[in-house]
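Alright, structures below, take your time with them.
Paired with chain B in one complex and with chain C in the other, chain A is shared by the two complexes that follow.
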Partner chain A sequence: MKKISRKPLADDQAWKEAKQKIPDTQLPAALNDKMQMLQPYLQKGADIITRPFYLEGEPPLSAVSIHLNKVIDDEALNQHILRPLMLNCRRESIQDLGAQNLIDAIYKTSITASQIRKINTFAALVQTIFDGFTVLLFDGIEEVLVIDIHGGEFRAIDAPPAEQTMRGSREGFIEILDVNIALVRRRLRDPNLVVEKTLVGTRTRTQAAILYIADIADPKIVSEVKSRIDQMNLDGIVASGYVEQFIEDNPYSIFPQTFTTERPDRMVPLLLEGRIGIIVNNTPLALVVPALFVQFIQASEDYYERSIFSSYIRILRYLALLVAISFPALYIALLSFQPELIPYDLVISFSRARSSVPFPVIVEALVMEIIIQLVIEAGLRLPQQIGQTVGVVSGIILGQAAISAKLASPIVILIISVSIICTYALPSASMVLTTRLLRLPIMLLAATFGIFGISFGWMIVQTHLIGLESIGVPYFSPLAPMRYPDLKDSFIRVFLKKMNRRPVSIPMQDRKRQGNDGKGPEQQ
Partner chain B sequence: MKDKAGSTISSKQLIFLIIGSQIGIRLLYLPREITGIAQEDAWLAMLIATIVPIVSLFLIDRLGKRMPEMGFTQMSQALFGRFFGSILIILFIVYVIGFESVVVRIFSEVTKLYLLPRTPLVVIVFMFIFTVVYAGSKGARVIGRLNELLFYLLLVNFLVLMIPIGEADYTNLLPVGEAGWDGIGRGVLIAAQYYAGIEILLVFYSLVNRKDEILKAGIIATGITAVLYVVIVLICESVFGVAGMQHQLFPGLVLLKVVQIPVIERLEFIFLFFWMGMGARPAINMGFAASLSLTQLLKLDEKKYLPYLLMVIGLAMYILALLPPNLLTVFDMARYAGYGFYVIGIVYPLIYLIMAFARGGKVKQSA
Partner chain C sequence: MLLVFIMAIQIITLSGCWDYRDINSVALPQLGAYDIHEESRSGTSDLPQEEKLVDLTVVIPNLSEEVKAKFRIEKTPGLLIGNSRGQKPYSSPGDYSPAVASIIVFGEDEAATGLNKLNEALSRGAKNPHTVNYSVAEGRGENILRVPTDDYSTMGDYLRLLLRSSEKRGFIPSSTLHQFEVDQNPGKNPVMPLLIIKDEKVMVNGAAIFNKDKMIGKVGLKETQYLMMLRGIESNGNLPYILNKDGKIYDYGSLSITNNRKVTMERNGNEFTFNISIILEGGLNEHSSNVLFTQNKDLRKEIEDQVTSDITEGCNKFIKRMQEEYKVDCIDISKYALAKWRKELQPTIDQGFIENVAIKVDVKMKLKSIGELN
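On to the complex of A and B.
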């Protein structure tokens, strides 16, 4: 397995110092002293809310709650923390309980929120405030209570826009990490599902969760993924795409080496095959590694439909991939180099259509290709209604205009459109990008060397694909190296009942997936 | 299941590797060459000729069993001493360069003839060498996988070649034994050269992860190659007849023009799609073997320097491929290169084995 190891940068030390800038001292007991220490941090952020209050008693115990505005659930703060502490809790009654430690008594008797822990150093206090926890400071007590009542406004769980299915669940990942983990956990209630959280980005302190099934996933791959994430040493990440670019094996490749999905029901089967999921806070797109090439041609619906239909659709998708990359190139090659390979009648209609176009085929095709790519790009960013208009205008009017202005022949427009449609028949957005990019060099090769050029291009692409690895796993498996048992789930998908074993392309510990095949625990 | 660290290949991949080194562009002109000598009995000669690669295989396997972990270069130097061992390796590399440059040239000539009549040969040869260097520089594991995939893809090509079987006239194969023992014997000598490629095992022996399966893999590979060769000879003979074939430079390609198919007009179309893979495969394997031997000879770091040395070897192939003035000279060169196979495939392992027997147990200590 190729290890990605980075030499310690010269400014690594500076990073560490920046992290440790907050003095890591014990907190003083007096509330005023604590507030004094916190003051430089509190005054910088107008969104930090401090709320002083008293616990009744003789003398009353003064306390302060600190939290970030709109990051926590206001209702929970009022109902489960402030209300019981201010109204129901008396200092004497807590002391009467005979509790050794006042703070234990406070949270064990008076706070109804469920996630509470104690900290006692200054650095941790500052960090927890900015991580969005609610902290409670009491006069005369060194320890501080940290309560997790994250909440506030966020997008509701919605159907995943880029991965719609007819038969699958309608739930997609959202921006909140904990909700996403819950979406996975609801579908995979195995006690062996491991969820490990880590922080990425020294300044953004973005939470990322690594999910895998402990007794299926290969520990070597798990530890490699973890170490790659740990080695990320940048100031901030805002999306899972950052993580993808830091952990991939071959940054120069045009093929996606991590699988992205926004469907929890797509992630769970992948976890069950021994893969590792990475969910990053604030991103509705989760990453799954190691990724295989064939995975990008498969959709979650393939497993929900009956196998005959999904096999048919899959073969169609492979055809679409082939057509999307080489159809325009083939047209160019045949027309400019080997017209004798085109049936006679077709050649006549081709040349009749082209007779009024003054450019060589390659120029004609390139111009149309680039225009259509621009149309796609333009439609992508516009609001939906305008985007549709752009699509219609360019589709009907531009095409017709180009033909009547004799800039392009109808056949080129047909061929480019078919290849674009085929591009978007692929279920993975990252593979769509690859295809869009790959079409161009193959077209140029075809224009220079004809079919020989296409053959050359495919050979290079194929060799490149075979050489790729995703976290040390051969990317083009199960095709090369050929894993015969995995072919059940590549070009076709056999009956679910017949898939007794997990795919061997992904290293894992436990091959058995279902059934009594004589080796399972049932027959021991 | 698990890919072991470094650059090992599985015994299954070895099968495809050997087939890949044997079958290449030669498939397209081999029927003409052999029928020229063995007449109607060309297929018989082809079949009998399998003895040669099998003998070569046995010899290499015996040799490898004695020194299983030693690379070809180490083995040569351990047996013959540093100086003579190095000379043997250099001869091997020269053989590979010579042999493959012929293949490259023939391939490029065919490409020029059928596909790109106006593109200069210099450019076509360059694209070919580029593919060889690019694929070869990715290491043994990738080459193993590439051969595996290409075998299946090229099976499609082979099936396309078989389609004209409907046009075949089986009386063209008769009478059996027309050439006589003399003709068949000389045919076998030529036919055996088309199994060249088995000698790649000299280099790859130490890279295979299960040594006990090597012999089996080699026999299977030779068997598959033999079947494909015999089938193509049979088809060409029965479609064109022996006399008719002598007029065609590449009877394999002409086969494609025999049958017309609606919509895609001609079968060449499918065939040409895998053209590059078909032509480049043996050169990739052998080029890698040569550059691996060279890195070991120069005691360089394999991962780091192999691509550069492969470029040097590729450059040598490039120059040598462009030297012959015309295709006929190239076919003459191909015959010499074919006899080179007897030296590398049979004589090499034989003298290595004799030396190993002579040295007895001392070899391991000196290594």
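On to the complex of A and C.
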């Protein structure tokens, strides 16, 4: 299996040069000169707001505020920047203070916004404008003030739609990176939580944050993740899925190698196990690496419920995974090759149900599988109300119609429906997609080779899983390689108070999670 | 690419699964009966008398709901089982799949000639389930198949319910293909339920005794009860009892009993003594209300003693008949001797061993529940 090369490409230099098209020159002092330089960029963007104003004084200091429309908080701009500068600023002249002291005096005494920095190159000025910052240009001063008052309209924090829980938090990630980081930080107040921001995409310049706990996460894995993100040479990304596809070890695998979650309370325990979180701006789905196969069968709810119930549900999910992938295939294999293995009453019932269907079992099953997959796709893309209607109409009417038209037997509709239900019993959307896809080849193998085909299919899948890695960590661990201590949180989950050590499947610096290894009461 | 090609070739050559057949085109016999071919019986067959043809009669449910009859009965003759199956394409559409048959009834005469010739063909097919139930019919097996069943879809449905795990419902032995094979090991002999037709109804009327694969006798329901207890087949059954005092019946009733067996063995030279301890446990189903347990504190013991005595007597009679008439170990005790002296005994264990051993029966009974305070 070919892997994506992680080495820098030969044309990297050319790419970097292309990125640096904006002249990285020092800014001139005169406001008109600065505006003149900016003009080519400003005239292309109708959403760029330039607001000339004067700072109070004798003579008044000419200044311009530049920002992108609806990207910043207008209220903050007016109240914390423009109003104090225009009405309350008591400035000395440049001649009296000098340019450097004057700009220091402005932002230290007049602007009440908290995040301010200074820049003095043209390239940085252009980038900060398009990154959504508010910039203040002054006449006679080379340096420009960059103020972070990002705001505008965005979705409120809401319950994550794809990862609902009964007992967990109702907060899910939203599209704003800083809010998402804050959601994590509120749950993890460890000073060792590192948040490193980087930009991805030369044109979209999308912010991405890498989160890890410095004294738990393995530095090699952290370094590897950073390196892979840094090597993303593309013009833009609009979702975390882009990052996922660039950093995964084996792009040909149908199994997800990065764990996605929209729950901060799911991400925090994973960070505590030494994993690394990646949150991308404009995406409510965060990535967590390294990911293990067993992780995709676990839900955050597993840790909120008592271990007996969690273990029971978890075992049910594994059963659901098996059924989702193999149930239609098993039906095909048994009816086409080994009817002797079916209890007699059942085989007669199957035969009677199929007696009026003119197609072979595989055709019947494939037709229903494809119809139901299309119904699901239609339901996902349509507005919620219409989607539900389509689902109900398809479920009842199409099923009945297929039976009446003798396209399918009732049993095959039951089989496919059960497998679909089992598919969606899995807590990870990525694993749901994998399951939907994997069902098809297993069905075809079953139709060709019977139960042997199913065994062969599963053998291939298992072999692939055993060879797969996520950021260099064996994907099928703790099963292969066998990590016995981690089995206490795989098929079942033991009592939380027994999980004293972090899982060894994920390389980490500090194994101790809780307790004091049975040495009696902890000495404070 | 080469690897993929090699794997593809391996799959194709190793699979051996190019036997796709749609379930719709398969004839699924539910119940089969093997009998000596009627012409063979009357001596009109072209073959010599010792090469008897076999009649295979099967019940195949009709799959189409548009057909009035729920099933069809097909009968084909042949040299052996495979040959008789081979005749099916001439009279029955669809691929014949004998492996799904869950009940096989052997005709009495066929069973007496030895079933291994049939059993081998059944065992040889890897698809045949070991759980297919065997039984012997008094008379011809096909007659059983032709008895009308009003309460069940087919006779197969009826017999399956009647014979499967029958020992859990009464003192009725059950035998499967697997069990039949196992019971032909040295020192062992099979038994099968015996079916009869009475008042146009099929019912179990005892057990067929086998010497290896040949049926050598049949016993009635009462003897079957002793056979089950002596053989150690754990069963749940109903036992009546009658208590007499001074020549008069003063209490009677029935017990629900489970049985168990323990065997010990002693050897003194060539003399073997087997001690069979039959342990019965159960409760009182009902009894005549003439006497109450609260009034007669010894009633429980009297019932236990009476049942113990009856069963001991019955078992001893059965053992005597087994040793004198059947001359085969149908109570499965020779295996204890073989376990200790296999090398010495195996060559002769089935030839004169059981007839010459002493078998003592000790019945113990514990009536656990009587339904009254005492």
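Going forward, the second predicted complex is superposed on the first by the 494 of 524 C-alpha atoms of A that agree within 3 Å, B and C clash if a C-alpha of one lies under 4 Å from a C-alpha of the other, contacts with A are read in each partner's own complex, and residues count from 1 in each chain.
One rule holds for everything that comes next: contacts are C-beta pairs under 8 Å (C-beta built on N, C-alpha and C of every residue); 3 or more make two chains touch, one makes a residue touch a chain.
Small disclaimer: the values here were computed from a predicted structure and weren't measured.
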Touch test for A:31: chain B only (first), chain C only (second), both, or neither?
neither
Who does A:499 touch here: chain B (first), chain C (second), both, or neither?
neither
Return first, second, both or neither, reflecting whether A:482 touches chain B, chain C, both chains, or no partner chain.
first
Now for A:449: first (chain B), second (chain C), both, or neither, which partner does it touch?
both
Touched partner set for A:459, first chain B, second chain C, both or neither:
first
For A:350, is the partner it touches chain B (first), chain C (second), both, or none of the two (neither)?
second
Taking the superposition as given, does A:507 touch the first partner, chain B, the second, chain C, both, or neither?
first
On the A-aligned overlay, A:337 touches which partner chain: chain B = first, chain C = second, or both, or neither?
both
Find the residues of chain A that appear in the contact set with chain B and again in the contact set with chain C.
337-338, 340, 449-450, 452, 456
Contacting residues of chain B [partner chain A, same complex]
1-3, 5, 10, 12-13, 111, 115-116, 119, 124, 127, 131, 134-135, 138, 142, 144-146, 148-149, 152, 262-266, 268-269, 272-277, 280
Per the touch rule above, chain C residues touching chain A in the complex are 11, 15-17, 19-24, 26, 28, 30, 61, 63-65, 97, 99-100, 102, 127-129, 156, 160
Residues of chain A defined as touching chain B within the complex:
1, 337-338, 340-343, 449-452, 454-456, 458-460, 462-463, 466-467, 474, 476, 479-482, 504, 507
Quick one: which bits of chain A touch chain C in the complex? Just the residue numbers, please.
335-340, 344, 347-348, 350-352, 354-357, 360-361, 447-450, 452-453, 456
